[in-house]
């Protein structure tokens, strides 16, 4: 008898992740039972667990539930994080893969990261606004605060799958790439073509600063008033991963002085306060958590999920999704932003 | 006695092109006589010609004047075009290099080209406008018309120095690059990693279309209503070189239907009509001839000018600036846009 | 009290792996106890296990021994394989990392792989031999069997760390890269810029064929007489990983016909039979298991070992070395070649 | 009436340069008259000149002959040099393009350049010789003098079309690229990703040294005993362009000490002295002028010739072949090596 693959992808949907052709490929691996539009009811999950080989979703899977799933080989969170809804230690003991699909967002976020930096280096949205108001300034005079990315220093705060997707896009600009990531050894960064730099030196020396670190137990408000104060005049601060890494009030205060520029995709609360003063600043580019969540990301996510499930079903090891690590999974704090 | 180098850079200025250190380097090559703020008066030009080894600027140099300059080795237009103010045939006969400095703009234009495509693929300025109005839409829902550059077909109309600077920036996005350039053989394009494509096929198949061709006697309004009609739904049309290549009214009409998107840096007249209807379209990004004219471009231009002058003074051939070709220089029609 | 790090690197030595500065870095992580020149005696291992946090070497670590090592966090084989001297399942249950250092060889092997292909595409060693004999042929006539790597099809049999190091070196040659790896999904290969191909199609269509697959329970003599018969005239067969993947007698027979060429770094037994007929063939390049084992590889290996130990000691996850996977580690059969 | 294209390619042949399909393409451009196997007789050349639009070959074209060719637009030497058989000044005055096809060799030479460096860094031919003698040494012990190209300093003496083809092949090895070329400004080299270096510093600091400079009036025996003495122990000296750049006796003397290594493709006379002592040195790789002259190079050369002729016939400027420069063409001294 075929084993069961539970699809419980809420807040994603089955269609978002899988084309019809891909669903057929998934069905060739096992008996697929799916639930859309809300989380799968507990009773149904419990009923399916004894035959389940894999669960795709954010289903709660604490120890007593895992005990009811003797065949379980993989839990795949179709999101970019690890949440405390899973007994990670229990899974590791039993060799159950706990995987997240955040890597599927990385192309989309990396492209947005380049777009944001270019937008703010060249004043693209500002110039467009002026033009719409009939107040455009032509040519060189309009470029007094513009600069090229070419040969500039770019610093990445956090170097995971986003950084690995972003770095190759920046290379042909001739940028010098720097990274701060306390979870990675210097030699690893050097091998990837980046120069390691302490956080404060990175902030003080880079012309473009990318915040790509997921929220962890260690990095809450890591970028406070003092750290942000190190940023050079006219540098570009790009916030793409999680707002909690930054003291948002301090960031707002700094931006109001106009000293540096920012492009911001994530906010402390979403939707963000209607009257927040950051909404009117000319040196800020605002984006409502739009960097990763495109149709193309979700289709890639679906492909990765099926690819890894197919490997696991063949008695091989998954290669596309990111595995939860014993040490770091419990530190992960990124969660769906409060809405 | 040292030969004279005439600097007549209007509408550029000496300071824009040369730092103090670079001016010293220039002075080591000859007696530098400069005139700023307007074109050098004819009488002064005429007085200097007998000893002039090089002229940097858009000085008129027709046959009778060239005859008065027996030592002349180089005429360097500190612009991106060749104008009919020079007796090209006479210069070629005498082995006088006629050079233009357009290549110095290519990094800046290429970066803008990437920024424009990303802006329009991801709705960056539109989302920023919504956010400022307090009407932002969060996450996936806001991305229904967004797409990645990754693996898309990108077509370059015209493949000169701008295209050569742009292609490497697009490569790591995994784009398939196509080009239409009637002045270049297919084998040349293939060697550079592009696939040649007839104009109409390029328009019909590419998701991002860059107009990078300078204005020539051959390409006026080459992209008319019918050609623009070939562009696919949701494609991005990026106009960066000269507006005359396009039938601007036809372009406006197409964009009003919303069928495709555009980013436009050059206009038929500049300043552009205050009440032109294109100024209000949501699917258009507007930029007032800002792509190339940055301080960094002019400093690079100055470096290139001195480098090539130094070679010429050493009895070597220039390598950094673009030479006027007997065949193509007279076809060049790009000129400072009517203001 | 500091935990113990056991160094039992035989057949490597401590000096080969660690410079003095690196040894100091290692000592900062724990109490280092090392044994050089032979395997550490069982009694000493047993004495050290109760305090051991990590073991670097090929020490036998079956279940009863693991039970004596309650603090153990990592077992690092300073070789490129996983051997059956470890209770892998027990380690996975307890969350003990089992790591191998094969990735440290990948730069060296990848460079050799390029060198071998160029040598055989251009007849470099053959022409050198002729020259030494005073029988060299000059210029074009000598190149009748030479070809460029440029734009040729290159096939990788096995795409692990060696392939990942080799692919970027081949890219600027304009090669089309193909791979056959039954442990990897097509989508993964495509994402890395390779086209997946079934083994027989790869053999039949590629001009350079690299064997990079480690020995496994599945691939013994996978390339037999019939498969080798598919190789095109004048193609280059490069054997770099393990000889057991190939039916060596069949390979020798094929090479004697002169139909294709080979570069061979690994042999069924090493030292290889003194009188083997392959030693005299002009279309073969011979190399005595020299591709990976350079001082630079071992120094990199040492750096990687310390980097990952440092992470583990800080409560983080290793990132540089390769982890044993539950599924694939038991399939690994590469072992020190019989000598 | 169609203009005449004279093919006088000796010592090349028509078939070597043009496939049947390419010949058809050539014939579509004009009336093709060819002579194979020896230089076209003077009388025939003289007869054809009045209608000739282009001459492909090394035909002597001094002033009086040029005067008989009023329609002549291009002289294309299907070799990699400019010889004193042409009235260059006369051609420039009349706007006749004088082109050479050396760039067509650049892919082949660049690949050989990488192959030579890898061969000598890893002892590939030496190890192959040992193996054939039954004296091979296995593994690490055999690699005591081996090193990786990875991250090493590589110096290019001369940076023309060969260097431009070679640099991209070396980039993914992580090499630092340096160049010495007195005909090029530093800024040009920097823009191409190389660091300029004075000749003596380059020799003293680089681990791989490529001689890529064509013979000129300026560089005869530029690398003499003293310069070669600067080369570091175990560095690799690769001689690929012309032997006259080096004092060959001094080079031989240095190599006999074993201090550094060499790969040599060009010799002071070819065929080279049968008993020359360099033929027996273990630290030297010998190649009989084989780097460029492959079928693939000649087919590319033919394609480039037709492409540029097609442009010229359409009233456009050539783009694929290298133009003779007024200043540098007379300095070029590379000629078919004395045989």
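Every chain is named by a letter (A, B, C and D) in the order it is written, and numbering of its residues begins at 1.
By definition in this document, a contact is a pair of C-beta atoms (placed from the backbone, for glycine too) under 8 Å apart; a residue touches a chain by one contact, two chains touch by 3 or more.
Small disclaimer: the values here were computed from a predicted structure and weren't measured.
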Quiz item: Which chains lie in contact with each of chain A and chain C?
Solution: none
Practice problem: Just grab the chain with the largest centre-to-centre distance to chain C, centres being mean Cα coordinates. | Solution: B
Self-check item: Length of the line joining the C-alpha centres of chain C and chain D, rounded to whole Å
Solution: 37
Exercise. Starting from the mean Cα coordinates of chain B and chain C, work out the distance between those two points in Å.
Key: 50
Quiz item: On chain A, where are the residues touching two or more other chains?
Solution: none
Self-check item: Every chain pair meeting the contact rule
Solution: A-B, A-C, B-D, C-D
Quiz prompt | Contact set on chain A toward chain C in their complex | solution = 89, 92-93, 95, 183-185, 187-188, 303-304, 307-308, 310-311, 315-317, 319-320, 325-328
Quiz item: Across the complex, what residues on chain D touch chain C?
Solution: 16, 107-108, 111-112, 114-116, 118-119, 121-125, 127-132, 134, 136-140, 142-144, 146-150, 168-169, 171-173, 270-272, 274-275, 279-280, 285-290, 293-296, 298, 339
